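Next come two complexes, and both contain chain A; in the first it sits with chain B, in the second with chain C.
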Partner chain A sequence: MAIKFFLLVNKQGNTRLAQYYDQGPQDRVSDRVVHEAEIIRKCLSRADSQCSFMEYRNYKIVYRRYAALYFILGVDSEENELAILEFIHAVVETLDRYFESVCELDIMFNLEKAHIILDEMIINGKIVETNKNQILMPLALMEKASTKS
Partner chain B sequence: MPDDMRGLHNFIAEIRATKSKEAEEKRINKELANIRSKFKGDKPLDGYQKKKYVCKLLFMFLLGEDIDFGHMEAISLVASNKYSEKQIGYLFLSVMINETSDFNRLIIQQIKNDLLDRNETHVCLALTCIANVGGREMAESLAGDVQKLLVSPDSRSFVKKKAALTLLRLYRKFPEILPVGEYTPRIIALLDDPDLSVVTSVLALLYALVQADTQGYGSCVDRAIARLRRLQTREESLEGYVYYDIAAPWLQVKLLRFLQVFPAPAPDSRAREAVVEVLRSIVGKAANEPVRDKRNKQQLPQYFNARNAVLYEAVRVLIHLESETDLLVESSNLLGRFLSSKETNLRYFALELMSSLATLSFTHEAIKRHQETVVNALTQEKDISVRRRALDLLYNLCGKSNVRVIVRELLQYLQVADYEIREEMVLKIAVLAELHADDYSWYVDVILQLIRVAGDYVSEEVWHRVVQIVTNQPDVQDYATKVVFDALCSPYCHETMVKVGGYLLGEFGHLIANNPRATPQIQLQLLLSKFSMCSPSTRALLLSTLVKFANLFPEIKTDIETIFRSNNLSRNTDPEIQQRVIEYLSLSQHPNPNVMPTVLEEMPKFKERESSLLAKIREKSEGVSVDAEAAKVARQTVIVDRDRQEREDREEREARRSNPAVSQQPQANLLGDLDAAPASTGPSAVNTTSQPPQANPELAHLSRAFLFQNDGKLYEDAILQIGVKTSVKNNLARVALYFGNKSGYPITNFTSDVFAINTTETLSLQAKPVEGQLAPKAQTQQLINVECLKEFEEQPTLGVAYVVNGQLQRAVIKFPIFVNKFLASFDMDQPTFVARWKQLSAPGLESQKVFKAAQPIDVAAVRSKLQSMGFTVLAGVDPNPDNFVCAGVVHTGSSQVGVLLRLEPNRDAQMYRATFRTSRDTVSRILCDLVASSF
Partner chain C sequence: MPPSKLRDLIRQIRATKTAADERAVITKECALIRTAIREEEPEYRCRNVAKLLYIHMLGFPAHFGQLECLKLVASPRFVDKRIGYLGVALLLDEKAEIGLLVTNCLKNDMCSSNQYIVGLALSTFGSIASPEMCRDLASEVEKLLKSSNAFVRKKAALAAVRIVRKVPELVENFVPGTRALLGERNHAVLLTGVTLMNEICAISHDSLVHFRKLVPHLIRILKALQVAGSSAEHDVGGITDPFLQVKVLRLLRMLAKDDSESSEALNDLLAQIATNTDTVKNVGNSILYETVLCIMDIRSETGLRVLAVNILGRFLGNSDKNIRYVALNTLLKIVHADQTAVQRHRNTILECLKDSDVTIRRRAVELLLALVNQANIRALAQELLLFLENCESEFKSFLTTELFLVAERYSPSRRWHIDTVLRIITMAGAFVRDDSVSSLISLITQTPELQGYATLHLYQALQEDIIQQPLVQVAVWCIGEYGDLLVSGEPSTEEPPIQIPESDVLSLIESILRSPHSSVITKEFSINALIKLTTRLSAGNIDRIRNVLRFFSRSLEVELQQRSAEYSNMFIVDHLRAPLLERMPVLVSHIAEHNENEGIVMNEPEQETINPTAIAASYHAAAQAAAAAAPASFNGGGSSLLDLLDSGFGGSATPAATSFGGGAAAAGGFGMGAAPSAGAGHDMLDLLGGGFGASAPGPTAPVSQPAASSLLDIMGDFSSPVAAAPAANPATTIVAYEKNGLRITFDLSQDPASGLLAIHVTSVNQTANAFNNFVFQAAAPKSVKLTMMQPSDAHLVPGGRVVQDMQVDNPTHRPLRFRLKINFTVNQSPVEVLDEVSNFPATFV
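Here is the complex of A and B:
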């Protein structure tokens, strides 16, 4: 049971956030670009009436669309799809709480913060935390420190 | 939001505003040059500037730019005391480097400092970084500290939860590093931690440990069940963890999944009662709720998805328990209701879970009631993901009673099915027809229909299988030959049909030859009419059919000989075809009339074994998974490959039979590897110069000596001598070959190449070009880089060809590389060894062989042989001093596999028993075979 990668992509197919949890096709940059483009193309070509799961190479892909943003997770075959689907929603709710209704620009301008949030929720491909107060604590600490200085 | 990085924002905004890819590229290159000069500049950068530039690099990396600098700046940020700078530094490293990077070494010390820092936020950053990039070196130097953080009473929850998953990473990368033993009870106790996130991450760690060996973790079961019950009844504080009215759904999923690793608790035990009670409440709750009422605002889709995620695992536990019929049937009915839901995700989910339920005898009937709905789902769903699940379910649902209906439906759907699903469908139809056939003629019909409808998707295995079955079932041979003959009569038939037809007619054509529509002459003309349209491999097969015809039907023998003699064939540019034709012709004209009938007598029955198709299906369904399963898949691929190999060997054998010198050899040799087949020696009526080059058995033996040595002489004949020097580092080997010209003549057109037919996924071979000329008594060198990607069994082949004194000379030699070349030493003490040994007790991970000693047993010699194979011989581990206990680590590109060996010599019987345990079953098997064949 493991998450292999997390992608956040806009409708034009630009990756806005990417985190990989295992060695894989992404290890070479050129391969990573191809890999992401292919997954994104597949997600974009699917209608809303289709389900949120698909198979891609050795991954199960679970994705959710929020307006113009696609949240795409690659997981192994053992993973529980519905649990991952709702986990995506939990991630989005957390980003929303922090950025106050999150949008693409928030993520782009605050890449490092998005990464902090993600790193609090997934470690080594495993879900670790879903409590929003806990997840946002390090960010709160960081901001407190920067206002003090 | 504090806007402290205006430069960064401007840059991102500019990139976004670019109109074309070229403009974006231009802007990026400008920025990269700017940052490079800033980093190289004389002015030292302050933390803020470094942070800004590192952020920019991160952003460009995300856009697909290859960033090859900035690492040193990131490392200096990591060393900063400011949290925000340290965080960016770690983030950059986590994203940009992986476990094989050299930068790992540079940051280990800094990470260690942070792990021991009193500031827990620094500890957390270090842990996250290890969890992202940690490899073997980090495992070696940091595992102990991480472990302490996990169990220390001083660690706070947010440290513990990260430590657990970081430890999991290190354990996965290098299991041997963890002396989990003494810490086990303390880790298990964390299952009762009041903090739910600690429990979640500790469960992930325990899940991996228990998967290796459940022993010693028995107490986890009760704790997990109790925890589940408390979540269900909300007896504990859930603040922040209730998700749309479901208590910590992800934790529940993990707990239920965890229970499935353990053997089911005994019936009537307290644990059993407790777990059933929890499952009953989960299933009961779901069954009593309406599927989904959109008007009820309390019940959002999130609620249902989370509930069903938990339900899914609960049903899986029920399947695991294999009792509680009432609950299983209740779940089956509930899922049946989901099938008609408007939500695609729900239908997908129901089909997936029903697939598992259909395999249980309790619920098979309950699921079967929905057969029609499932067929509809397969043919009418708009989404291929759902159709795939429906296909899986139908496959599991199929039995003797409904096989004809289901196969008919599948065949019909196959004609319009998506291309990406066709191959899988063909495979499944072929397996179902074989498994549940009550009548083999029906089976033959199905396969031929498959070839007709979807010939391009019928893999080699499928037609091999039908040939095997027809060969083994005499009562269907007549029918099969007749229908395949009819199928060939159609002007449009798939090449695979020609293959099946060619094979069956060659073996059984005489059964239908009395039919005036299918006289030998007509059969011959029919095959010839297909010949020109086929690929070389099929043509080669058809040539074998022709020579069989020459044997079966004397009336067309001269016709066939004429065909063989035709320029088009006997001078064919394809060496395989040319060779077959020449050999078959000699066979047909052999002066001794008994030779041809003996060589071409009917093929013996194939050995009964698991269908290679089943293996292939499993391989497909398990393609996605963790290490252990990857190994399983690898093994299955091997089975498939071996089947294929054997198949080819058979064909090869047919070809070889034509060489009397070879056909006198016992069969085992013919089926064996290249090195077992002798080069053409002795008197032979057949022109042997076109024989494919084969390694001389004695020379193969020379190559085996390299199991124990890295340097030495690999080959020698009157003209050429080849020496080898090998050096190995981790999974990379560098082999230097030295070619010496012993003769008094210059060697020209010299080529040397290493190739591996079945090992492209396991070995990567790169041979430097070699000089084409070699003066008398001179020497030249060739470097070959070998990368071991995965454990491998077969040795690559070294092919050498050259011209000397106007004569073309060739040698084909086994290339001296074995998996044990990538074996690194690893020392451990007795308790560690015993603990490891126990951990690796899962079935499959062990491989054992009892075998006769090839040489008289001599303790000192055995020890030195083991050492020269790369094993670390451990002293004082085995109570019996005669036994050898060894350890080592096999380095492959994908992983490092710990190896444990126990070799027990029995001097009286002159026998050995070798027992291997490794973390990968194929490694165990391969090493065991190597050892068994060389002591």
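Here is the complex of A and C:
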């Protein structure tokens, strides 16, 4: 029961954030690009009327679209798909709280912050924290420290 | 000069128009970063690493920044450390050689007094630790698991997950610490603690048994979570911490599996969750879904199991497509354990076949196929056939294969079985697997009472459609085999007999032979059918059939040519034709036959009597056997058949007993030991035996059982080269290209009647490297019509060859000229060769 990767992709299919939690097809950079392109193409080609799950190689892909952004998670077959959908929403709410109605550009220009938020929520493919205050605390402290200095 | 800001780099990259531009910008930036790294500018390290993270995200290599990240990690500033660790997690992998440096940094930071630094180290460790790191730092993580700080504990728990996963023998060290985590009030620590327990249980059965004592405690945790609003911070749509609930349910499922005591303890709670959970939103359904999985996996009460399946049944009707998907998926998992309970929802599942989402339809089809049994096959197959008619073609080949299987397993009657299979092959003939042709044929041969019926239906289907090759092949086979039933209108069923005029049957087969859609194999089936029809139809049709055979004995397809030529010669030994073409024996179904082929060798010399019908032999082989067995009957003109045979065997045949054994197997895949006195039947046996790879030196030697599939495997082993049709020009060979170890030759032969020039292109790789993706293309002047056939292969191994046929129509008779373009890759580098060929002999224009 684990998350294998987390992708954030815009409607044009450009990756905006990619985080992998296990060694796999993304081992080599070139493989990763091919693998991402295929998943993204599959997700983007799906109609709104279709369900949010699809099978891809050994993964189950769970994705959710928010305006122009697709949140795409690869999970193993044991994972509870509905709970993962709920977790995506938790991630979006957290990003939203931090960036104040998050959009693609926020993530693009603040990639490291998005990663830091994600790192507070997932470690090694397992959920650590879903409480937004707890998640954003280290980031807030970090910013306080850097404005002081 | 200070490096540009990350923002500027992003803008620059976004401004690029093409992928090549983007690559150029990034390559330039990477070069700048490398220089900066060399020049050691600590104040820009953070910025450079942030850029590398962006470049890495875009899919470009950025591993050269690993050491920079480590330098940041070593910095005392938290911001530097944070970015540094981010870089370590993304840019480093387990194989990196700087593992030891990382281990030291992590160890230092785990001992820090600042909780955030400790958390950072733990979180990085949890994501990247290698087995060595796990061993080195296990004691630190164990200590931190007991930390007084919740922020540290939750991360330590997941770091421990990494350790037990990578180094299972360390499990014991973490069992006590894990137990303690359950007493926690902090949700995150509970969540990660339960995750760690899950992981430990998966690795060590002893620990699992040990943790069973905690089931009552876990039940209390879950019960507390059931109370809505118990923790405002973790409320999701009215449900308290669904993530924790799902994890606890998963752990309980693991602990109670195969354990009656724990399962019983869970009954009440699971029933309570199953009935009380709010199902309006996705979040409630995620809990319900996990509960159902738990109920089905443990030893729960029957009532509870029925409740669980009913919840899934309710899910099927949910307006949310995700929930319908999950329901079908889960039903598919439990269908084998609870057939009857799932059967009750059959109608709802049938409704899902109409879903607008293809993912859901696919699941529904799989589930329905799993639900098929003797009792419901008629109804379900009816629905599935309706679905087959309208579904996307991506489904069709899967569905036809599965339908064949269930029809075979559960068919209520032979009649129904044949009807269904005929419907499938008429409806989706283009999508059935190749072996369906042979299994359908064997099914029909096994059912004598329905042979006329099946043939009639196939004949009628062919009148509508001669494009779907498997359908045409089965139909043509049946028409050939049972043509007499077709024209006599033999009442094999209750329906009024329909008589088909003989000339219509022949016209149909002729149209198939002419059709551009027909494959060579289909044409071979048709030629076989025609020769069989010479004995099934009235003698008045023989001349018509002979004409067709004569025409095809000049075919450019060697196999068609050979068959037609040999069949034509069967008329010369006319008294043998009827017995040779007698009805086929019952064919064993392909599965059974496959098992037989596994090496059963028969040694039955007493079977040497002439009994062609007892042997499932290809008529093709039979024709040759007849010729070999009765050489004495040939005088003068009759020897052409022998000639053919001679050429097939390299021109060394003598009428006396000659054993071609292994040598012939190389030449043509034949093993033949035919004494002139031996019966035709036995020779056929031998021929076939050889065809299957066993050499059969003499009549008494062990002969491998001829497999029924030889008929269907027409191309099979009989591809020995035969001299070109008598009328054709002798072949001439020219070298079209020979450079750098690639040699391409053209074998030319012209058909004097049509003027068509056939070119057999042979490309030989004389180098020591493989040529991959080999593509040979030729272009001719506009006045010439050039048809290229499929090449035999796209890969040329060293010393290997690829052959390809071209057909050239040159009505203006100007001297021929071709431009060649050859593409292939050697050692992954592409090669393109352009050349011109005009050295055609003057006779070929």
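The criterion applied here is as follows: the second predicted complex is superposed on the first by the 149 of 149 C-alpha atoms of A that agree within 3 Å, B and C clash if a C-alpha of one lies under 4 Å from a C-alpha of the other, contacts with A are read in each partner's own complex, and residues count from 1 in each chain.
Heads up, the rule we're going with is that contacts are C-beta pairs under 8 Å (C-beta built on N, C-alpha and C of every residue); 3 or more make two chains touch, one makes a residue touch a chain.
Keep in mind it's a predicted model, so treat the numbers as computed, not measured.
Q: So, A:140: does it touch chain B (first), chain C (second), both, or neither?
A: neither
Q: Can A:59 be said to touch chain B (first), chain C (second), both, or neither?
A: First partner only.
Q: Of the partners chain B and chain C, which touch A:44 in the superposed model: first, second, both, neither?
A: The answer is neither, since A:44 touches no partner chain.
Q: Would you check which partner chain A:115 touches, where first means chain B only, second means chain C only, and both and neither mean what they say?
A: Touch status of A:115: both partners.
Q: Residues of chain A touched: more by chain B or chain C?
A: Greater contact footprint in residues on chain A: B.
Q: Using the superposition on chain A described above, determine whether A:131 touches chain B (first), chain C (second), both, or neither.
A: After superposing on A, A:131 lies in contact with both chain B and chain C.
Q: Figure out whether A:80 sits in contact with chain B (first) or chain C (second), or with both, or with neither.
A: After superposition on chain A, A:80 lies in contact with both partners, chain B and chain C.
Q: Considering only the touch criterion stated at the top, classify A:68 as touching first (chain B), second (chain C), both, or neither.
A: neither
Q: What part of chain A is shared between its chain B contacts and its chain C contacts?
A: Correct list for chain A: 1, 15-19, 21, 23, 27, 29, 32-33, 47, 49-54, 80-83, 85-87, 90, 108-109, 111-112, 115-116, 119, 123-124, 126-131, 133-134, 138, 141-142, 145-146.
Q: Where on chain C is chain A touching in the complex?
A: Touch residues, chain C against chain A: 6-7, 10, 50, 53-54, 56-61, 77-79, 82-83, 86, 89-90, 93-94, 116, 119-120, 123, 126-127, 151, 154-155, 158-159, 161-162, 187-188, 191-192, 195, 198, 233-234, 236, 241-243, 246, 250, 282-283, 285-286, 289-290, 293, 321-326, 356-360.
Q: Quick one: which bits of chain A touch chain B in the complex? Just the residue numbers, please.
A: Contact set of chain A toward chain B: 1-2, 14-19, 21, 23, 27, 29-30, 32-33, 46-47, 49-55, 58-60, 76-78, 80-83, 85-87, 89-90, 108-112, 115-116, 119, 123-124, 126-134, 137-138, 141-143, 145-147.
Q: Can you check the complex and tell me which residues of chain B touch chain A?
A: Against chain A, the touching part of chain B is residues 1-2, 4, 8-9, 12, 16, 55, 58-59, 61-66, 82-84, 87-88, 91, 94-95, 98-99, 121, 124, 127-128, 131-132, 158, 161-162, 165-166, 168-169, 196-197, 200-201, 204, 207, 239-241, 243, 248-250, 253-254, 257, 302, 305-306, 308-309, 312-313, 344-345, 347-349, 352, 382-386, 388, 621-626, 894.
Q: In the complex, go through chain A and note every residue touching chain C.
A: Checking each residue of chain A against chain C gives 1, 15-19, 21, 23, 27, 29, 32-33, 36, 47, 49-54, 80-83, 85-87, 90, 108-109, 111-112, 115-116, 119-120, 123-124, 126-131, 133-134, 138, 141-142, 145-146, 149.
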